[in-house]
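Same chain, two partners: chain A is paired with chain B first, then with chain C.
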Partner chain A sequence: MKENNNRLGWLFASPYLIYSIVFFLIPLVWSFYLSITNWDLIAPDYDIVGFGNFAKALKSPGVHAAFWVTYKFMMIFVPLVVVMSLIVSILVHSLPRFKSLFLIGFFLPYLSSGVVSSLIVKGFLSYNSPINTALRKIGINIDWLGTSWSALLIVGLIMAWKFTGYYALILTSGLESIDHEVYEAAAIDGVTGRQRFWKITLPLLYPALYTTLILAFGVTFGIFTEVYQLTGGGPKFATNTWQMEIYSQAFKNLQAGYASAIALLASVATFISIFIIRKLLEKWGARNGWV
Partner chain B sequence: MKKKILGLVALVLAFSVLAACGSKKESATTADGVTTIEFWAAANPTQQAFWEKMAKAYEQTNSKVKINVSVIKESPSSEASIQAAIAGGSAPTISENINRGFAAQLANSKALVPLDTLDGFNDIVTTRNMKNTIEPWKFADDHQYVLPIYSNAMLFGWRLDLLKELGYAEPPKTYSEALEANKKLKEKYPDKYFWAKADLADPTAWKRWFDFFMLYDAASGGNKFIEGSKFVGDEKAGVETLKFVDDLRKDKGILAQNVADPFETGTSLFIDLGPWTFTNWAEKFPDMKYNQNYTLSMPPVPDGIDPKESKTFADTKGLVIYASATKEQQQAAMDFIKWVYADAKNDAQWFDETKLPPARDDLTTNESFKAILDKNPELKPYAENVPNAIPPMDNPKYNDLQTFIGQEAWNKVVRGEIDPATGWANMKKAIEGELQ
Partner chain C sequence: MVGSKRSSKSKLAIRYAIAGVLLLVMVYPYLYMVLNSFADWAQVDRKLIPNSYTLKSYSWLFTGGETGITRPWLGAFLNSVIVSLLSTFLMMMFGVMVAYALSKLKWRGRDTVNNFILFHMFFPAIILLIPSFLIIQKLGWYDTYWALIIPKGVSLWAIFMYTNFFKAVPTVFIEAAKLDGATDFKILYKIMMPMSKSITSVVFLFLLMERWTELLWDMIMVRSDGMLTLNVLLSQMFGPYGTYPGPLYAGSVLLSLPIIILFIIFGKNFQKGMQVSLK
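Up next, the complex of A and B:
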């Protein structure tokens, strides 16, 4: 009986195992192998260079920038997207009808092409666009994509716009799962609107909020399209994300080995960061008695 | 159980290996002797249409060859698509849209066939009358890996209407004349700029072809900048080029911001222009008329240099044949190119449809092109200056090297963060470090 259960277990787990081996384990081993070579992706001959690529990456200004840009971007994107999606979800949740319709509306930016939205934004921010012309008339003349702080802010805003609907969907389902009787009981006890949010909604929404936060933090490590289209990683590396640096080294400079080393460093930075963030969030939830 | 798991892992690995083997190309020649070649054309509808027409016409004269013309995917870039295809074992037989620097990368990786080792190459050079044009394309190993198709002697466009308002009948030719024109422009129109475009502050390697190299080639008389793996840049010309941009910046003549169509809307007086622009203008800006509201010139030169000696950057791309193709495919591809370029009418058709000047020595003297140049007078200065255009460097590290020009010198000077001499010195140091 035990032997049969084991077989059945392995049978059900096998699709995931096969998927992980083919799409995770083999590429990981291959990537590690590449990272110790000087292969340019196409040459038939290449040499093993040991950990030289890692040493080079650790000294590279592009890699340093990628490391810090991720956290700077996190500071802009995560609070913005979480607050915006929370507002959207609360507003949608309070609607008497057509909730799904509004949610789909907010979800659409997530489905839209990053290339198209970036090009539209680029058009809006052009020096001679109506917006900038109007701003200059009141004395505001900013090179939006050519100034470090504003370029990062713009990318953060586009990403927040894109992901708000998606996270709002998760948060709305979290709100929907909160039993109305809890609110009714609170109302009988004379709970104010603010107390209702902080003492009832937020704790009960915590599992959905936790998922949203982890997803939002995860996004910051994988930004590429918007940065590639809008700034190319500039000005002066101000928007040079991990993915942008990996792309530049692999496909512009034809250094597949070096790019693999950067990709592995990016993975380590991502894994450690997400692990720490997860622990902090769990601590935050536990301290408040939400989990 | 352990054995079964190991068996499963082995099975997956075996499938992966088999799948990889499965991507290998089948024989390109069928039993009836028909050789199929894959031709990748640039992602430009007129270029694709031209090659499709040529392929069809050639197949009618040669039933033993089948040519499949398709477009190079430009996502994320045509170079990246070609690299990915080579890496994945699905490279075409032949492709166009290859610049000299990228060809150097490919040749360095043994991905290209030296064209001069194939029968018929010398015939093309002779019959197409391109001996002088192709000469600078020779690589350090003395082989020719690229057959240039077109050569755009990049020119500067000037708003003729603005120039006339400022009291000029023709564009300034020297740096002091250009700076003077900028001062007059700013006095009359403080919101207009001499040169406006965001690329000036962007370190992306290829962007230096259309600002730094255009001016530097003129200032240096066509100095090679990098020869083989040696930096041979002309310091005097380089510093003068950077100083010109610095002076323009100090006089508020530079706008390095994202500007939509600055030249067409009259935001800037001056812009770098390639002949591909005119097809776009015909649709989007039909009011742009040559010698009415805009004109063209070679790059301005430093004071003391004869403007007639001005050189410029050659935006030029060509055809390559890939080493991964079979011998039959390589030769069939060469025979196809030989057939195309044996008749100047085909080059004329190319010129007429794409507006890209064929890379030939006789563009202004051959009667085949006269009607096109008469019909499109804005293309004449491009045709006339083909001999004055300097092709890109052939160093496989061109991407890094040109990025240093931007990062260490050009972009910083444009932003006013560094003086021209220090910028040149920093750039030289970075380039020499990379070349070692």
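Up next, the complex of A and C:
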């Protein structure tokens, strides 16, 4: 019986095991090797250049931009999406009827392709769009995607629009797990409005909030489609994310070796950042006694 | 119950109003897309709600209009359907199989595999992009369906979701079925799968949606016009065809519609499944 299960276990797990060898372990090792070569993605021959790629990457303005854009984007996206989804979830939670109908409606933007949402936003912001025409009448004339600060802001807004409904779903199920009696007991003790939110809702919601925050921080390291469609990383690298930089170097400039080095740097930056963010979030929760 | 006070009725009305307005703001971009896909070309991107409509954008998609260049829309649509459905099917089948092994079978190596999957999950995928491209070339899969389907045939997230869910299924069911002489494959498809209906609709929808809207991978893996997926074709139209916003909106509608229809079909189960999977 036990011997049988041993074989069966490996058999059932084999699709994943084969997949992880071919599409995870081999690529992983290969990318380390590529990162020390000057391969151009096409030519059969290439030389080993040692750590030259890394030295070059550390000095490149595109890489510097990718590093900082991630955190700038984080500052826009994470607060926006978390506050929005909190508002949506608390609002919807307080509705006695049609709760799920509303939630599903808010979830709809998450289903749209980044290509589609980029297209819509580009239309919204085109020179003769109703918004820009109206703004020009009151003397405001902004080239939204051609100006550094607004381009990043726009990408942040699209992403927040997309993820709000999804995170609101997570937060709502967190709210639903809070026992109603807690509120009733607090009401007897005279806990009201704002206090109620900070002293009861937020602490009890913390597990769901933690999940939401981790997911939102995770999103910031993987932005590609919206940036590729709307700005191509510009203007002046203002929206140049890691993925955008790696894609441009590998598949546009055909510097696959160099791009592999950047991908390694990006992975290290992502790994360390997420680790620190997790630790900080856990500390924040623990210090407030929420965990 | 909520709303036992007398003033709460007007409060509730205000809440519904706010929620309604907020919802409209969130969904408006979609409406904008649909309206513009039918709008008279002089009005595309000129009005918040166009007042003159035509089907020109849709017919342009398939005929290429005055440019005479026909874009392979139907082909791309079919490619998207084939690739997304097959990938999703594989991701779910393998997800269920691996999850069953990790949650309900006792075998030497289980903990190792489990830990390895967690390690794999936390690895930034971007590092694998260039070498994966090379592997696809070496396998001779470049510019074929294989490149679009097989590497996207295993989802760590699906394995993770199913493993967590299966762990909660009482072992009694399995033991009883075993006494009746059922094989593990039978248990998997006759007991585990039906029991996980609600979570399956969540996993299915998320996987399909993600596969359907994937850009970077599909863009890199294929070259010829006949192999493009709908999302990539639309993305390409951004550039040289950017002067035809009407057809772009029509294409966007074609791209969005299937997912929204599926979402509406699975809506009820989805809500339930989300709650289960978030616990």
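Methods note: the second predicted complex is superposed on the first by the 267 of 291 C-alpha atoms of A that agree within 3 Å, B and C clash if a C-alpha of one lies under 4 Å from a C-alpha of the other, contacts with A are read in each partner's own complex, and residues count from 1 in each chain.
To be clear about the criterion, a contact is a pair of C-beta atoms (placed from the backbone, for glycine too) under 8 Å apart; a residue touches a chain by one contact, two chains touch by 3 or more.
It should be emphasised that the depicted structure is a prediction, and the values quoted were computed from it without experimental measurement.
Asker: Under the stated touch criterion, which partner chain does A:10 make contact with: chain B (first), chain C (second), both, or neither?
Answerer: It touches chain B and chain C both.
Asker: Answer with first, second, both or neither: which of chain B and chain C does A:128 touch in the superposed model?
Answerer: In the superposition, A:128 touches chain B and chain C alike.
Asker: On the superposed three-chain arrangement, identify whether chain B or chain C touches more chain A residues.
Answerer: Ranking chain B and chain C by residues of chain A touched puts C first.
Asker: Identify the partner contact of A:205: answer first if only chain B is touched, second if only chain C is, both if each is, neither if none is.
Answerer: So A:205 meets neither chain B nor chain C here.
Asker: Tell me the contact category for A:102 with respect to chain B and chain C: first, second, both or neither.
Answerer: A:102: touches chain C, not chain B.
Asker: Once the structures are superposed on A, label A:40 by its partner contacts, choosing first (chain B), second (chain C), both or neither.
Answerer: first
Asker: Report for A:114: first if it touches chain B alone, second if chain C alone, otherwise both or neither.
Answerer: The second partner, chain C, only.
Asker: With both complexes superposed on chain A, which partner does A:164 reach: first (chain B), second (chain C), both or neither?
Answerer: second
Asker: In the superposed arrangement, which partner chain does A:74 touch: chain B (first), chain C (second), both, or neither?
Answerer: After superposition on chain A, A:74 lies in contact with neither partner.
Asker: In the superposed arrangement, which partner chain does A:26 touch: chain B (first), chain C (second), both, or neither?
Answerer: Touch status of A:26: both partners.
Asker: Mind sorting out which residues of chain A both chain B and chain C touch, each in its own complex?
Answerer: 6, 10, 17, 22, 26, 41, 122-123, 126, 128-129, 228, 247, 251
Asker: Once bound in the complex, which stretches of chain A touch chain B?
Answerer: Result: residues 6, 10, 14, 17-18, 21-22, 26, 40-45, 122-123, 125-129, 143-146, 228, 232, 234-235, 247, 251-254 of chain A touch chain B.
Asker: Which of the residues in chain A end up touching chain C in this complex?
Answerer: 2, 5-13, 15-17, 19-20, 22-24, 26-28, 30-31, 34, 41, 87-88, 91-92, 94-96, 100, 102-124, 126, 128-130, 161, 164-165, 169-170, 173-174, 176-177, 208, 211, 221-222, 224-225, 228-229, 242-243, 246-247, 250-251, 256, 259-260, 263-264, 266-267, 270-271, 274
Asker: Which of the residues in chain B come into contact with chain A in the complex?
Answerer: Going by the criterion above, the answer is residues 1, 4-5, 8-9, 12-13, 16, 76-77, 79-80, 83-84, 86-87, 105-106, 108-111, 196, 198, 201-205, 255-260, 262, 265, 267, 396-397, 399-400.
Asker: Residue numbers of chain C touching chain A in their complex, please.
Answerer: It is residues 2-3, 12, 15-16, 18-19, 22-23, 26-27, 29-30, 32-33, 36, 44-48, 94, 97-98, 100-102, 105-110, 113, 116-117, 120, 122-132, 134-135, 151, 153-154, 159, 184, 209, 212-213, 215-216, 220, 231, 234-235, 238, 245, 248-249, 252, 255-256, 259-260, 263, 267, 270-271, 274-275, 278-279 of chain C that touch chain A.
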